[in-house]
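Presented sequentially are two complexes of subunit A, the first with subunit B as partner and the second with subunit C.
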Partner chain A sequence: MKRRIQVVICRVCSGAANVLDVEKLLRVANEAPYVGSAIAVNYACNAKTIAQIVEEAKSREVDRMLIIPCSKSDVSPALFQAYKKKAKINEFLMETVDLVGEIVLPHRDNPARAQAKAESKLLAAITRMAMLEPLQKSSEKMRTKNVVIIGAGVAGVEAARQATQAGMHTILIEKSDKEVKAPGVVMPKTRLVSAKGHAGNFILTIEAGEKRETLECAAVVIASGGDWSDAKGPLVQACGAKPLYRLVQEIGEGIISREGVVIVDTPDPKADITSAQDFAWEDAIQSAIEIRKKSPETEVYLLFQEMRALGLDELSYRDAADLGVRFVRYDKKRPPHADPKDKSKIVVIDSVQGQTLSIPYGGVYYASIAPNPDNVSISEALRIPMTESGGLRRGSMQKGPIATPRPGVLVCGSAQFPRSENISRLEGRAAGALAAQLVSTGIVEFGGSVAEVTPDKCSACLTCVRTCPFEAPFIGNAGKAEIQLQLCQGCGMCVGICPSKAIELHNYTDDQLSTETASYIGGDF
Partner chain B sequence: MAEREPKVVGYCCEKHGIECVNLAARSGKQYDASIRLVRVPCTGRVDGMHILRALEDGADAVFVLGCLEKNCYYDTGSIEGRKRVDYVKSMLSQVGIEPERVEMFNASSSMAWKFPEIVSTMTDVAKRLGPIEPRGDRQ
Partner chain C sequence: MIVAERKPLGEIVEMIAQLHKVTVIGCRSCVAICLAGGEKEVKMLISALKLKNRKEGRKQEFDGFVLERQCEKEWVKEVDDKILASDVILSMSCSLGAQTIADMYPEKVVVPGLNTAMFGVPEEQGMWSEKCLGCGDCIIHTTGGICPIARCAKSMLNGPCGGSSDGHCEVNLDIECAWYAIHERLKLQGRLDLLEAVRPPKDWTPSHSGGRRIIVREDAKLTQHQKRGKEAVI
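So, the complex of A and B:
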């Protein structure tokens, strides 16, 4: 391998001109080992400039590029494309250095030290660049365009609609035999048993009635919802409190009690509640508004400890108040309870006003939704972690609000924690669209900067198998650890923890990291 | 000769860690220029050996910056990272080197104030403790 580096500094966006001496940076780069060309350009994202950079790369016969743009995300993909296609440079031999974010902006008051830091950063990046290996990605075809959706509630049906619209084939599995109106295949009385494979090519085992079947799919959407069975609690026993969705149904059917409606956060007000998020507050407020509109003589009370309506739904507090809905905040030390003398009234102490209210009611409803007990088996089958309160846990917010930590598996609606109907629908739509986006490529890409085991060094201690959050390492037939590349996300956790130092992460090897560090420490500070 | 500047190396994850650095910059925050960042895909990639070698090579202090533990891009990566840092700290105490020289931090991509805080904590440590003296000179 040649190991000849091209350094490209974009003068304009790197903002360097005001703080840094670009000509000096170029000189430093040119004097560094392995650098075959160092140029500064104006607008590295402009088509003409891209052509100029590629020409320079070809004539200097470089095989790798270090670009110093405005920010990593702002580099024109066209530059990388042209570099890859026209200059025939491996995509793993192109890196960016963020001088703007790390140096120009935070040190603009101190140009002298900014320059020293920029030079040492540049040299460290060149040192790293010279050590990088060209890597190849592999790919396999997705065997199906199936998207399996678990649960035919509001979120699940919406996900099916969205994914079907985008040309996917959806299979909706539903544990009950309720009537479901959704496109694609609907399998009633079906549940998920286990899952194998990886994003793009999953193999699920499902149980339809008594029969076990395997089902291949490219993506999975979990829309298992909350637990809709009736909860327990003093208010259920004493006042016949019902879940909120029943109120929504009743309003839809035009059954509204004239004796008053009480909506309370939980049927067991003394119990610990995890957070205000755990209630479908938007639905509670909307129902209260509807009741007041349709039946103005019905008094509506909302009893709560904490309330949180999301986003624009906050506006509905005012609408509700204008229509005469009563908001009563209580303290769980003095919980609302049925009047011992007259069971048709609820007694509550307003913790803001200090007043004791005795509220006559025709119906009591609670806004909490318990987590679905099926979450346990779904979490085991798909290997998704659970939250402390029994929901399915999503992954890092950087992956989006409906992604689970496992690639190819999405979660929407009350499966995470209680959601109002509207938000469930939106999340279902998002999940359907994202699943379709994933599947539409028809190709699973993997490999590149991933982990690799040196079998001779491996002592089969299983540490990597236990540590990897994606379950990529396994002990193969030879009795040594192997990495299933389709599952490896390239985080390197197994590398750092292997007691035998038997694993390396391509392009983040121990040697590469330590040499880069040493280059920094040896430079000016 | 000018006053010696502290030498601090940070291993920073490419997910929330680097985003937090960027947000600080784009929010106009200014901080000491003694920090050198080495990018790693995830703080779980950091090995105790990297930290020790950085100290051996002459860094005054080393820190690791990863995602918040409940919001880690690789789910458990920053928890692993912390374990490695804690291990190194306990080793340092055993050989008589101040464990404060090594620290783990967590941030999310929306915490603009966090990185300048980290920088000032670590440069203060580096200034206060100065370079690690060669073994023979230690009492």
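So, the complex of A and C:
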């Protein structure tokens, strides 16, 4: 192996030019061992520049590349793909250094400090780069193009439509026997029992009544939604509070009370709401706006402890306020309650102004949605962790907003926490499209920078088996731990906890990590 | 398995402070599995000691490795040269491993890096609980598979005592009452009659009360003749 590194600094995007002395960085890089070429370019993501870099890489015969782009997460995958194809560089011999986020932004008032830090970071990255080994990925054919969608609510149906449009076979399983208008196969009164396999080749066991059958699929979309059954609480007893979706239905049917509508976050306002429940505030605000538009004489009150509307929905606060919707913040120690003297009124103390309001109402609605109790069994079957409030957890932001920690499994709509109908629809579409994207290649790739066991060192203590969130390690026939590559995500948890140091993560070995760290602090440690 | 815990760093530093060449020896058996003395812990301890030395301006030499089982002479013998070359052996095994080395190399200073805690069971990742005291006379067939000697704070034979409340022990409400658990288990098995008989005092002579215990399997022992033959082969 040549072990010759090309260092590419993007002058413009890395923001380096404003704070850092790029020429000096290049000199430092050029003097470092193993560096075959160090260049600064403008716009490293530009097609022309890429061609220039590839030319340089070929003529200098480098076999690895260290890129300093604008930010670690945005551009690098696309860049890596380009260099992998055009300069024939192994994808595991390309890394980025985030000078912008870690150095330029925090130290922009102190260029000298920034420069020193950037140089030591660059040298550490070069040290690491020189130690990396080229790795190969393996691949496997998908046996099917099926996409299984769990739950035929708004999000699930939308996901089915989107995936079908992209040419996938969708199978929609729904626990109730409600009528579902969706393309592909719809299986009513069916639930997921268990799942085996991995992205691209899952084998699900489903249950319809007494009957159990297995189902092969390449991707799974969870659209289990929230629990729409009626909740309990003092406001339900005293004021007949109803869940918010009933208000949405009533507005749709044109039934709007003239005596006033009160929307409160929870039917039990004394309870600690932040930990246990989630709220459909977007739908609440939209309903309030619609009521005011359709029936201007109806007073609408929104009673809340904490309100959040995501993204552009925040703009609807103003629309609602302009239309005369009243927002009242209360303290859970002094919760809204039915007026003891006159049950047709709700008493609430506005915690901002300290005013006591007595509101006459025609209907009371609560905006909380309990998580779907079926999430527990879905979580166990597909091994998706749950959130504290009982929803299904998403993966890290790098994996995108619809992904779960488990590859090939996507989650959309209220399965994580309550979403408005619009957002559910949008997420359903996204999940359908992502599932189609995953399945359309027909091939699953795995391996690369993953964990590997040194059998001689393994004590078969089961620590890795218990720790891995993806259930990749198992004790094989030889009585030693083995890693199922298709499941390994290279997270390194088993490597960190293995008491016998029997597991290594390729390109993140102890030697590689400690030599890199040592180069920061200047020597052994 | 034998469950152990690492001693606090300060205590370890104190034990080895005056000696220069330190050899840290771990064990790949029980203490590795209970995350106390495997290769990872050995390496981490050496790093911690080096950092502390650097901070406090002390100079020592460290070497570290693990043995298959530190309580067996054959495995220890394999690192004979390294042991002889060091000033102090810091054993990261249970006390059995440490004592094996100490007995084999009486002139060497051997210090324990771990506190040997108990015979325990991994209840879940990162949590071990004691279930046996090694009394030498097992009676769990009469107690629904639950050992009252290890799991009852008083090691009672006829429990529960008056301190049992709602299934918990008065010593610490986090501990389950072993006798309550025994009652529940036998009830489940329909064998509550086992609890009607009064248990006489136990024979404690096979326990530690009889002094240091030695177990001999005559049929497994090698004869003088066999021993001589083995030596000849080696």
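Methods note: the second predicted complex is superposed on the first by the 367 of 525 C-alpha atoms of A that agree within 3 Å, B and C clash if a C-alpha of one lies under 4 Å from a C-alpha of the other, contacts with A are read in each partner's own complex, and residues count from 1 in each chain.
Simple rule for what comes next: a residue touches a chain if its C-beta (ideal position, glycine included) is under 8 Å from a C-beta of that chain, and two chains touch if they have at least 3 such contacts.
Predicted model, so just to flag it, every value in this text is computed and none were measured.
J.: Check whether A:Ser59 is in contact with subunit B, with subunit C, with both or with neither, and answer first, second, both or neither.
T.: A:Ser59 sits against neither subunit B nor subunit C.
J.: Using the superposition on chain A described above, determine whether A:Lys457 touches subunit B (first), subunit C (second), both, or neither.
T.: second
J.: Just checking: does A:Gln398 make contact with subunit B only, subunit C only, both, or neither of them? Give me first, second, both or neither.
T.: first
J.: Now for A:Thr467: first (subunit B), second (subunit C), both, or neither, which partner does it touch?
T.: both
J.: Tell me which touches more residues of subunit A here: subunit C or subunit B.
T.: Answer, by number of touched residues of subunit A: B.
J.: Answer with first, second, both or neither: which of subunit B and subunit C does A:Pro499 touch in the superposed model?
T.: second
J.: Per the contact definition in the header, classify A:Ser176: touching subunit B only (first), subunit C only (second), both, or neither.
T.: After superposing on A, A:Ser176 lies clear of both subunit B and subunit C.
J.: Which subunit A residues contact subunit B in one complex and subunit C in the other?
T.: 467, 497, 510, 525
J.: Considering the complex alone, what residue numbers of subunit A touch subunit B?
T.: Within the complex, subunit A contacts subunit B at residues 71, 98, 100-103, 105-110, 113-114, 116-117, 120-121, 124, 385, 395-399, 405, 449, 467, 469, 489-493, 495-497, 505, 508, 510, 513-514, 516-518, 520-522, 525.
J.: For the complex, give me every residue of subunit A touching subunit C.
T.: Contacts found on subunit A: 457, 459, 461, 463, 466-467, 497-501, 510, 525.
J.: Report the residues of subunit B in contact with subunit A in the complex, numbered from low to high.
T.: Touch residues, subunit B against subunit A: 5-7, 9, 11, 15-16, 18-19, 21-22, 24-26, 28-31, 33-34, 36-38, 40-42, 44-47, 49-50, 53-54, 57-59, 67, 71-77, 80, 84, 108-109, 116.
J.: State the interface residues of subunit C toward subunit A in the complex, per the touch definition above.
T.: Subunit C residues touching subunit A: 28-29, 32-33, 35, 38-41, 43, 47, 50-51, 54, 66, 124-125.
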